[in-house]
Amino acid sequence: MDKEKWEPKIVAFVCNWCTYTGADLAGTSRMKYPANAKMIRVMCSGSIDPVFIIKAFERGADGVLVSGCHPNDCHYNAGNFHARRRWDFFHELLDFIGIEKERLQFSWISASEGKKFADVIAKVTKDIKTLGPFTAYKKMNSEFTAVFPEIQEVVKETIIKEKETV
Amino acid sequence: MKIGVFICHCGENISRTVDCPRVARVCESYPGVEYAIDYKYMCSDPGQNMIRDAIREKGLDAIVVGSCSPHMHERTFRNAAVSAGINPFLVEIANLREHCSWVHDDVEAATQKAIELVRMAIEKVKRDKPLSKINVPVTKRVLVIGGGIAGIQAALDTANAGYEVVLVEKEPSIGGHMSQLSETFPTLDCSQCILTPRMVEVYQHPKIKLLTYSEVVKIEGFIGNFKATIKKKARHINEELCSGCGLCITKCPTKKKAYNSFEEDLAFRPAVYIPFPQAVPNIPVIDESVCMYYKNGKCGMCVKVCDRGAIDFDQKDTMLVADIGAIIVATGFKLYNIDKKAADSKYKGYGEYGYGKYRDVIDGLQFERIASASGPTAGEIKRPSDGKVPKKIVFIQCVGSRDDSKGISYCSKICCMYTAKHAMLYKHKVHDGEAYIFYMDIRAGGKMYEEFVRRAIEEDDVKYIRGRVSRIYEENGKYIVKGEDTIAGMPVEIDADLVVLATAMIPQENSAALARTIGIPYDKYGFFNEAHPKLRPVESTTAGVFLAGACQSPRDIPESVAMASAAACKATILLSSDTLEREPVVAKVNEDLCAGCFYCKKVCPFGAIEVKDVKDMNGIVYKEVAYINQGVCQGCGTCTATCLSKSIELAGFNNEEIFAEIAAL
Amino acid sequence: MTSMEEVIMKYGYYPGCSQTGSAKEYDISLRKVIEKLGASFDEINDWSCCGATSAHVTNHKLSSALAMRNIMLAGQQGLENMVAPCAACYNRLVTSQYEISKHPELREETEELLSAKFQKEINVINILELFLKIGINKIIENRKRELSELKVACYYGCLLVRPAAITKFDDAEQPVSMEKIVESTGAKTVDWNYKVECCGAAHSIARRDIVVDLSKKILEDARSHGANVIAVACPMCHTNLDMRQRAMKRTYPGHEELPVLYLTELIGLALGMNEHELGIDLHYINYKYTDPVPDNTVA
Amino acid sequence: MEELREYAKELLEKKEVAAVIGYTQVSENRTKPIIITDPADASKLVFNEYCLNNLSVYLTKARINAMCRTKDKIMKLAICAKPCDVHSIVALIQENQVHRNDIVIISFNCHGAVKDFGYEFSGENLASKCITCETHKPLYFDKIFGEEKETPKASDAALARIEELESMTHEERFEYFNNEFDKCIKCYACRAVCPLCYCQRCITDKAIPRWIESSSHQRGNFSWNIVRAFHLSARCTGCGECDRACPMDIPLSLINRRMAMEAKKSFSYVSGRSLETPTLVGSFNEKDSDELFM
């Protein structure tokens, strides 16, 4: 696929109280942003584990966003403080291993920052588009099927079936 | 597992950019999906009936609804599922409106994303486990911290609802700042007359345990199951024996030894004292720092005169522990003072007004005491320095408030009203006196408030000057107030006999420390944070703790009383049920796998994780594991990510569910 | 009083325009007093105007560039600190340096304008800080006579201790540092109300009437509190309080003269110098200290 | 050497300790770990530059419960530990795996160890951790033997390698590490030898859901090595045993060292150095930097 038409696949792990509600606000204010990011809601950014990120890359994500409440805003008082320190290490590790820093991005988005949410998604999408698909990781996927075989086959069939019915 | 998928058009909010029929059709052939349908208004009654019928007819075990944000209708669809016999936690929502149709224009991309979002929800629901609400027992007793008008009102309402109340007040008597006021706006009725009956009602109420001259030192536990440790400071007077005759006060030789803080340091008091005549309880307190007995072991005059032998010099502080279900915090406020502050203090003093070195530059509460009949001047307006009746008084609004450079950017709300009242009281008592008020904007938004200020201007001829005062200095007995009149556009200079500053309302001295003791958040000034500024103003974010009065932000008396009744109502709601239902989203440790490193215990913001000993057959402890108290855990999940061996699962967001959502990308 | 760390004796010196012109006597007395106290000045070569209020009003970049040029020169000259006796110069230098460190984009523009890099922060000192650093007891030790007849009203004016966020060495509303220094000369000081009131500053030319009124109030308030001389530490204040007293006689008939001395002149008198040496005879209100200088005067 | 044996014998005879974990000579420059319970075996104990194993890996709860918690008497466990092994013991104590008063730490003035068995002890054969070691004297011990000697000087090759890697582009580095990780045969020797890998069931063994793929294909190796490195960040005390144990010579301690440098740079924290300072993992500071976050 040439770079212009290629659409990056982005996963966003978001905290339920701030960023998810911020995304709702972006929706109610009818702000427009690219459709590449799909969100996984967790209760607090403190509960996002680096293994989620690795699994997301393994499943073909080109970019990952982790977003939570601003420091001191956390519904649980300190969840995001622990997250902040954990991500500093994980980010250094990925960079040292050779994964560009833009592949994994972080943000604080409060429930009232709908605009910021839309901007962050747009920025991440643009960054990943310039970086191009995460071929290094995708090369590793091609030789072996997905871990949930039944999902992989079915996904292919539904996409094929979709094409026929349209 | 048979799954039902219900795609909502939301009128045309979703269907305008998402091809709902196609999404339903695609999901129908998805493994595990038994039935898939799209409908115009899924959240409407017909829509919900459609879900209920489908569950019964198709024998569905779980449902996925593609609709608006879960924050909107998750509860609606869960209730619909429950009424059809499905566990509410086997319902997943795919947010097709706020996160998809409203934010993308390209129909193809939006529809494709919608399919993926629904697929993620389907994969997640496959791994959802049925959960039921957690029931936690509730202690039927309320702790009210602070005995001002807010605390009194909250205590009375809760007690009248039939619940036991422990009311803790750090001063020797309840009444708070309201008991210091002369008259109250906007009706000018005497503060003591409307407050004292309430104070007596508290004292005589069978359900209220009144602990004055006491402080809360520790709060443990969680909503419905708090444990409060209260320090009852030694009064050195036996409360049962004392009849409140006051002989010891009149006979005490140390007349002029200490300032009476109730009189805002305008008058003195002996070592044994009650703060004001109508004090409740009417039992004096002996101040060790002033009493001769504690200084040199002599005196003991009070012991001689007390016929009931109530004086007890060796009385010690006592600690009381009470089981509490709900806490109402009503600790009130303090006035900002203009003295010179330490370099690192968050407030700045007022060098322009002399840093408090002029005795006749006083604050609002001091003027209240001067105007009050039980005050040091028995109600006559006399200035503190030489007791003369001031011919000219300058009142200054916004001293400290609305002033970033002094560290207080908010408006203290009530000063416009009490300053107008002060001017009126002055004019009623000194007819030929001149009252000037320097103001920026008059904020009189309450009922009868604006009319009250107009009355001050029109009937009592109070001269309002719009402008700030730049400087005050004393010149042979007169106080030169230099300011400006921005309407006339020229500088103004008034030689006043007395200057009254309407200083800012700030939280009590140790409000931040108390907040940490209770475990509630507070803002940069030290006011306690409400759960939601508009929708949950009287609840703190910590479950089971409610806020009333000026401890949350500057409040006048009507608002404090209204908040107090609201907080009392919230507390009674909590206490009305024997057990408390809590969201089942809590974490659980797999004790076989836990290696006992206790990193989870370090990160848990709520201290919900305890060390549990695991014993072998003959009772020897062979390992310690982490145990999560279901009642305290708020379900944030920080421990699940910190646990290296991933042996902690958060119900509703467990490993499999998250994994399934990622895998379905 | 400086603490035990060694007392700095070598200072950079930024005279500023008034020291070479209308306030010559301030410069003369300052240099002589410093010499007497054993300290030394290292004048910044090729120093230029600090921009004062005129630049500050017209263009923010211009005013910070003008001030920063001198600070960079001092840096290049290897100076650690820099004395600016005139309150306006002191204020411009300190505020510009404060803003440069706070706003990176202003810093880049200034460096571009001056085509020089701003590396070292210079510790800019005003006249009060200078004497506090040198040490009050240094003055007492070298004192030749006590000016016991003087009751001095210390006038700080509006710039010497403000803005509070930057000039941290004294209180911006109720300063006391000049009193400490004046008392070391043996003179008594009075507690009065117009310490930091404005004298009218640059209105002196365009609106002389305002300056006359404001300065008159300052003089009268000092007199009413028993002062027989006013001490100032800023050429602008001195001009308005001293030179304008002639105009005051016209608008306020019966105005009695009240001598206005620079702080450095007062200290000079205490250190045994006479009025001519200190340039006091250049003032409009001439002033002679009553008892003669003790015999061991140094020519 | 003699005082060591004497001391061990005495401990065992007085039943103060249930066992002594130490080293015994096997051949010319090779030693192996030995756990002695009979006082007579104390004579087998040795300590020299060829004692490489980090014996703290034997301080497991199971062993202490089994050996020390007998019905009639609660005994301790003695352990010979080089100063760098003491760092691991400190970390284990901070992570509640062992209690300070359950063990007797016998330590030595260490002047370096050889990088692997079969090498003669000298400057260039020095283990990489000894080159940058600044605790030649143990921070915590109950008994100390051996006199202080000079550690031979050597250039910090590991640091040079890290800097060299950091100068590469992301693609080159990813290529390098991918090839290294590709060699991994999932024998988990690195996990077995690491004292801080004490989890009852490691995350890689968690089957439902399978976060880390267990097969040793390229992707499974990649995720295993990332998680292992992350789980040891700010915990690993740099004993270097994982490197020595890895049959495929994957530069594991290079990554651990890089993460330890990060802990030092951003949080000025060095793991295993003091029982008082709280561990970096599980604590936070409001003033941590935010520049990572938009």
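We just call them A, B, C and D in the order they show up, numbering each chain from 1.
The definition used in the following text is that a residue touches a chain if its C-beta (ideal position, glycine included) is under 8 Å from a C-beta of that chain, and two chains touch if they have at least 3 such contacts.
Since the structure is predicted, the reported quantities are computational estimates derived from the model, not experimental observations.
K.L.:
Name the chain pair with more contacting C-beta pairs, choosing from B-D and A-B.
P.N.:
Spelling it out, more C-beta pairs touch across A-B than across the other pair.
K.L.:
From the mean C-alpha coordinate of chain B to that of chain C, what's the distance rounded to whole Å?
P.N.:
The answer is 52 Å.
K.L.:
Per the centroid of Cα atoms for each chain, what is the distance between chain A and chain B, given in Å?
P.N.:
Here the centre of chain B sits 38 Å away from the centre of chain A.
K.L.:
What's the distance between the Cα centroids of chain C and chain D, rounded to whole Å?
P.N.:
67
K.L.:
Please set out, as single numbers or ranges, the residues of chain D touching at least two other chains.
P.N.:
Residues 203, 211, 282-283 of chain D touch two or more partner chains.
K.L.:
Could you tell me which residues belong to chain B and also touch two or more other chains?
P.N.:
As it turns out, chain B has residues touching two or more other chains at 603, 642, 646, 659, 663.
K.L.:
Please output the residue numbers of chain A that touch at least 2 other chains, ranges allowed.
P.N.:
51, 55, 78, 82, 147 - these are the residues of chain A that touch more than one other chain.
K.L.:
Touching pairs of chains, which are they?
P.N.:
A-B, A-D, B-C, B-D
K.L.:
Within the complex, which stretch of chain D touches chain B?
P.N.:
Residues 61, 65, 69, 95-97, 198-203, 206, 208-209, 211, 231, 278-279, 281-283.
K.L.:
State the interface residues of chain B toward chain A in the complex, per the touch definition above.
P.N.:
22, 25-26, 29-31, 69-71, 95, 97-100, 102-106, 109-110, 112-113, 115-117, 120, 123, 521, 541, 585, 603, 605-606, 634-638, 640-642, 646, 650, 652-653, 658-659, 661-665
K.L.:
Using the touch definition from the top, list the residues of chain D that touch chain A in their complex.
P.N.:
Answer in residue numbers: 165-166, 168, 170-178, 203, 210-213, 215, 217-219, 222-223, 226-227, 229-230, 233-234, 255, 258-259, 262-263, 266-267, 280, 282-286, 288-290, 292-294.
K.L.:
Could you list, by residue number, the parts of chain A that touch chain D in their complex?
P.N.:
Residues 50-51, 54-55, 58, 71-72, 78, 81-82, 84-85, 87-100, 105-108, 120, 123, 136-137, 140-141, 143-144, 147.
K.L.:
Taking the touch rule as given, give the residues of chain A at its contact with chain B in the complex, in rising order.
P.N.:
Residue list for chain A touching chain B: 7, 9, 11, 20-21, 23-24, 26-28, 30-35, 38-44, 46-49, 51-52, 55-56, 59-61, 74-79, 82-83, 86, 118, 146-148, 150-151, 154, 158, 161-162, 165-166.
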